[in-house]
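Contents: one structure, followed by commentary.
Letters A, B, C and D mark the chains in the order given here, with residues in each chain numbered from 1 onward.
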Amino acid sequence: MKKLWSKGGETLHPAVNQYMVSRTLAADAAILPFDVAASTAHVRMLATVGLITNAERDQLVAALAEVLALHEREAFVLTPEQEDVHTAIESFLSEKLGALGRKVHVGRSRNDQVLVALRLYVLSELEGTMAEILSTAEKILAFARKHEFVPMPGFTHMQHAMPSSVGQWSGAFVEALLNDGEVLKSVRAQHDQNPLGAAAGFGTGVPIDREETTRELGLKKVQVNPIFCQISRAKFDALTLAALSQVMMTLGRIANDAIIFTSQEFGFFAVDRALTTGSSIMPQKQNLDIMEVLRANVAIVASLQLRVQMAAHNLLSGYNKDVKIDKEALLEGFRITRDSLVVAGLLFEHLTPNEERLLAAFKDAEIFAADQANRLVMSGMPFRDAYRKVGEELSTLKPEDPVTNIRSKKHLGATGNLGLERYEAAISELKHPRS
Amino acid sequence: MKKLWSKGGETLHPAVNQYMVSRTLAADAAILPFDVAASTAHVRMLATVGLITNAERDQLVAALAEVLALHEREAFVLTPEQEDVHTAIESFLSEKLGALGRKVHVGRSRNDQVLVALRLYVLSELEGTMAEILSTAEKILAFARKHEFVPMPGFTHMQHAMPSSVGQWSGAFVEALLNDGEVLKSVRAQHDQNPLGAAAGFGTGVPIDREETTRELGLKKVQVNPIFCQISRAKFDALTLAALSQVMMTLGRIANDAIIFTSQEFGFFAVDRALTTGSSIMPQKQNLDIMEVLRANVAIVASLQLRVQMAAHNLLSGYNKDVKIDKEALLEGFRITRDSLVVAGLLFEHLTPNEERLLAAFKDAEIFAADQANRLVMSGMPFRDAYRKVGEELSTLKPEDPVTNIRSKKHLGATGNLGLERYEAAISELKHPRS
Amino acid sequence: MKKLWSKGGETLHPAVNQYMVSRTLAADAAILPFDVAASTAHVRMLATVGLITNAERDQLVAALAEVLALHEREAFVLTPEQEDVHTAIESFLSEKLGALGRKVHVGRSRNDQVLVALRLYVLSELEGTMAEILSTAEKILAFARKHEFVPMPGFTHMQHAMPSSVGQWSGAFVEALLNDGEVLKSVRAQHDQNPLGAAAGFGTGVPIDREETTRELGLKKVQVNPIFCQISRAKFDALTLAALSQVMMTLGRIANDAIIFTSQEFGFFAVDRALTTGSSIMPQKQNLDIMEVLRANVAIVASLQLRVQMAAHNLLSGYNKDVKIDKEALLEGFRITRDSLVVAGLLFEHLTPNEERLLAAFKDAEIFAADQANRLVMSGMPFRDAYRKVGEELSTLKPEDPVTNIRSKKHLGATGNLGLERYEAAISELKHPRS
Amino acid sequence: MKKLWSKGGETLHPAVNQYMVSRTLAADAAILPFDVAASTAHVRMLATVGLITNAERDQLVAALAEVLALHEREAFVLTPEQEDVHTAIESFLSEKLGALGRKVHVGRSRNDQVLVALRLYVLSELEGTMAEILSTAEKILAFARKHEFVPMPGFTHMQHAMPSSVGQWSGAFVEALLNDGEVLKSVRAQHDQNPLGAAAGFGTGVPIDREETTRELGLKKVQVNPIFCQISRAKFDALTLAALSQVMMTLGRIANDAIIFTSQEFGFFAVDRALTTGSSIMPQKQNLDIMEVLRANVAIVASLQLRVQMAAHNLLSGYNKDVKIDKEALLEGFRITRDSLVVAGLLFEHLTPNEERLLAAFKDAEIFAADQANRLVMSGMPFRDAYRKVGEELSTLKPEDPVTNIRSKKHLGATGNLGLERYEAAISELKHPRS
């Protein structure tokens, strides 16, 4: 199978192909469906502007559908010799349709072909990630509701600070995930523009219709400047991975809290054995190591953003193959984030508060010190004076009933008024956006 | 001047204060105006809910205005002993107003006080950055218009690829910056929620009204969950810096292109001597080193994002002082980005295309190879066949008139139809957003 | 096949295993030979201290040899259910040797087992990398010798600065690589200590002899403190990857120079077609994209270091599974670095200076300005005066013969005295270290 | 005061100087003493090779000594107009010595002048850092000795694993720091080569003697190739910062352990109030926030390495001003690392084990499970069988006396044989290296 650029007679050093292709072939398989979709839109446009006939269009569209069907039953195998998925598809078309297959590449280049395929891939993955965000948010919300008024110490500097609750703790992650969903939505809006037609990065002499492919692809607008289309690749990659990092930062907090709060010393929560593994030498161990792997994955996603950003640093405008490492980075980033969302949801389905241990943390009355100072304020003492007075008389502080305490705080977001119902509305809005 | 948490008798090891405060004091000065604004809103709310009288409110609001006035004439000096700007302001109020000054901190904590001040600071800086994005975009757009049809080779893999133009090259940066502006706008929307009232991270027992401070601050909604408010700090920092990196990635491309294109070998552009510096030993040198500094700054901003993200990794939910390094990171990030935008605008005001050198790049007819293949396609040959035929007969290619070539390409984004007028509309829309 | 920690009856949620194991299994295969070596040393020690008999030792050693033999003919397959290579080996021994196989794990844990296996793996890879450094250095040295006195402009700020030579340019990479070799050697010295016997991270109650396994493994000393052994994992990973980044930084410079210097505008070198690929739409293109992939790989290795460093951030002392992501990072880091060294060597075997273009860069006499100032100094003028005089009279500068110029500079490192013979000695010293 | 490259008549745009100089001026002050040292060596060499007379040499050397003396009493002020410290010094010499001052720059360039000054600065800082490593290691060693046999649970996955001790825990950091010292020593060896004489990056036409300046500076060898000298700048920066990250990774572990182990739930250690601060609203709080700041600083140093590495990515060989950001990065990196070492030493001087809480962790006999399995092994049962038996009969495990347990383990590194005496020897060796 020849490379697209082969004019015969070239003898590429074998190390070159091996060095360049090996890492990206798996990623190429993942974007195949999106290349088929974009190629189909391209073909339809070629017919609209008269570069091929309607009959030719139908043949090409059918053959592209066949590529997808073969791919779906794992019968469309990419080989390193083909260099990439774009070559493999054109080769298939040429073999199947002869001269007609050799017509398909007019008015585009692999540079915009891969751009648009990646764009569609990212849009699809963002949608899938959003669905998992909402599903995980719903699981945590159910947990928050169930344990809304279970007291739990609130920590600052990893020291007991003020009364909090299991509802407030877990509710934080619901709101964080919904916020992450908003970030993803805004990144989605950035991707909603069509680079197809940028060709090699400078447009083409053939009278293509970019508005037409934009319509065919269901994208919002043409990404106009072909050089910007090229420049935007690494930029959009970085933005996408930054958004995934937002999700991973939320999940990493969950994982780290879960590890600390299930330690013997804390014991705030028990986790089902179905989620723990053992040790090779310590018979008693039940390790929540899945949350450790999740934490490490936060670092992986962060490093992937850095990778695409650094690789694009100091490149001359126009296509440079350096940016091609984004394929693997995006695939890895989305896979990790989506899997991690599932695993985080699983955690909350297998987590049980240990109320005895949670309440024990309130035995030391110091956790009520700020509340006591606030009561002095309510009786007219300036806050700083109340603060100092309580601070000087810490040993006289009296324990309170934690449940009464947390239920008594009524401002929006306080333990007695978490506003969980708002999250349901927000989930619904993200599921069925009006705009 | 005592620390807020001083109850008398503590003897803090001097190394502790030195280690913790020294780096952040400059940053604290920068957020002072925003702390004053947030404190004013807090004070007004305290009066609304009856925790202070209207007369007390007026005294506190006036004293806060005085803080700002002193700050503006550099008469409000922060000292390391004060620990931070919040302490300095409360101390000022207490000294000036006695017991009333000691009332101001009720219903909030430094944890939400700094959160809201940083939020307002970021919103303000995002607005300033947006203005500079638009100003720089306008300067580049003027350049693109002026040289719209000056031919320039387009490069892929740093090799001559196809005909392009100075208009297409510079227009790419206009569109890139406008896109960056959209990203900033979406990040702005994330910041448009009020964390004030989260207190230490778990709410407060005092009956504050968070909707009221939200209105006072002109923010869109309450950031409900106090633990999420805390978690969001490093997340929003990372998001903000990721958005600034989008701008810096655009500017880095400009800088790197400028350096390469003004080298003796390329010579595509000349840059005014006002922007170049010399060498200590080579009398002939005129270095565009300002663009090298800009390139390096791209790396600094990227590293700042990493910094805040890594510092927040594996922290227990609730406030931990680790996140405090964001002050310096945000300040540095905004300062660099805004200065770099100005410098990039300056470049285009001092850049002149060298048409002779640009045209010389078209003497080798190979740059027209793809266009020639496209012409064969227009006469009916399948593209891949045309491609191979031209490839085999490269030596017979004839040079074309570059201007005619670039003017002839008419699809949206092509050199003959850059769509520069769209950018003007986009600039106007970003300046005066309808939403 | 049961997990090592299985006591029967557990039902691990399938998502847990999938989430944790999938990424690391390939890496596990790569460290199998090193686990076999370390397990063999462990078994020998067990016999020495009397925990098993000599006959048992021989059976276990033979079975371990069989594992290796099976692995080498790809007949020892790891499955996700086995969790890791350590489990797979112990399972094999238990199946083959019954009770004896179940004895092998006494006095160690998977925590130190994987530590020592990774240690041996890294030592082996460092040795392989060193060999490739020397081989590539030799290729570049041959190139430097061949073109030692071919004039080439030296650049600062990407502008012509002073006369240089192809020998000086390429010689720089030889010295850089030899320096990188020294760095690798020093990192190797860090790894030359034995963590086996740290067990789960706190030692063991069994009377093992760690000096004995250290001798068996040919390592220099015992890594004493078991908690330090655990802590050192991520630290040594970061150090190893930092050393690989040193190599990649050198290679990245080569790649970037090659791309720029083979552009049409520079044309300083021609590269064999065997190393270039083509474009899908521009028939004339010959892209040195292998060097672009190399450049991008510099970013990948940098990101891998960041990854292991961030993943280890804020972990409690003692083993946490977060650090397990190092396997993939090390494998990828070494593979990329070693492949990149080969590719860089290949480049210099296929690179030819274009003397005509190189000499053309000397036509503008300004490149001799500093030399002219130096001549005025030799006749007694203070340097800064000479500098200013030449600067004012730039237009009167006369071109010189570049070859005469570069040959005339005789201090160590100057173009007329590159000291290339030193590199040969250094290569030989690194090949056959005396220490 | 004129710039070195000024030939009169230039009008540099004010924004250019501001953008380029502002960040680096403070760093320039820090390297002044090293520029004086290197300039002195340069001047002596100029006399040796006859480019100046011995009398001139003496005048210049005396004037350079005056610069240093002025600097030490803060009377040598750098201004942005001077661009950098090198300019300021040459200006001072010219003003003081007239024509003789204008002679000093022959045979060098600012490019190698700053390289050698940074080299000397790094060597000096490495020495200072080493001294602080040893001082902190000694403090921790004293702590480890004092509490050598205080039992402490060992953790894996943040769960109780096996008996450990305060001696083993703190001893780990001693060995880690000594290992970091070894890393610093090896990095020091890399820096021990002289780049002076590389001039602008291509050598000079003046007959300098680089062996002579090497001797004068007390460096080990000439860094031969001038282009390599330039390339090595960012490489050595990255290496230096990677070594500092090794130290910071050790200190970060200490900080994180200290925070977790002093939480109310753990309570393993108490820390002196002299090291803690308070809260603005919670009167009871005593926060070990200095350790949080230390943890965050680990991220800062990691980000500094990334910064210099990314800034140098894809630069053409030869000097580019991008690398200049290393000044600030090195200064910040050394300052943070050295201050953090001091703070970590302080911690161990103010830390007290809470034996009651530590012993409480041994009440649950499960922590002895592995020890019990090992005992069954000693009576002849295969380890895996013993492991399973203990695992099945966990509830029958009997608590042991922790002190007896930890003292009974005698292999090297085990709790009964920590090998602390080895550290003393190692500290002494690092203090007075024989090589």
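As a working rule, a contact is a pair of C-beta atoms (placed from the backbone, for glycine too) under 8 Å apart; a residue touches a chain by one contact, two chains touch by 3 or more.
Bear in mind that the values here come from a model prediction, so they are computed numbers and not experimental data.
Asker: Consider the two chain pairs C-D and A-D; indicate the one with the greater count of contacting C-beta pairs.
Answerer: Greater number of contacting C-beta pairs: C-D.
Asker: What pair in A-C, C-D or B-C shares over half of its contact pairs, by residue number, with A-B?
Answerer: The A-B interface is reproduced by C-D.
Asker: Would you mind pulling out the distance in Å between where the CA atoms of chain B average out and where those of chain D do?
Answerer: The answer is 31 Å.
Asker: Quick one: chain A and chain D, Cα centre-to-centre, how many Å?
Answerer: Comparing mean C-alpha positions, chain D is 36 Å from chain A.
Asker: Could you put a whole-Å number on the gap between the CA centroids of chain C and chain D?
Answerer: 23
Asker: For chain B, which residues are shared contacts with two or more other chains?
Answerer: 4, 7, 105, 155-158, 161-162, 199-200, 256, 260, 278-283, 285, 287, 289, 292, 295, 298-299, 302, 306, 309-310, 313-315, 320-321, 370, 383, 387-388, 391
Asker: Quick check on the complex: what are the chain B residues that touch chain A?
Answerer: Touching chain A from chain B are residues 4, 7-8, 51, 90, 94, 99-107, 111, 154-158, 161-164, 168-169, 171-176, 179, 182-183, 186-187, 189-190, 197-211, 222-229, 231-232, 234-235, 238-239, 242, 245-246, 249-250, 252-253, 256-257, 260, 295, 298-299, 302, 305-306, 309-310, 312-321, 370-371, 374-375, 377-378, 382-385, 387-388, 391-392, 405, 408-415, 418-419, 422.
Asker: Can you name the residues of chain D that touch chain B in the complex?
Answerer: By the definition above, chain D touches chain B via 3-7, 10-13, 15-16, 19-20, 83, 86-87, 105, 108-110, 113, 199-200, 204, 256, 273-275, 277-283, 285, 287, 289-290, 292-300, 302-304, 306-308, 310-311, 313-314, 320-325, 339-340, 342-343, 346, 350.
Asker: Would you tell me which residues of chain C are touching chain B in their complex?
Answerer: 155-162, 259-260, 263-266, 278-289, 292, 306, 309-310, 313-315, 361, 364, 366-367, 369-370, 373, 383, 387-388, 390-391, 394, 397
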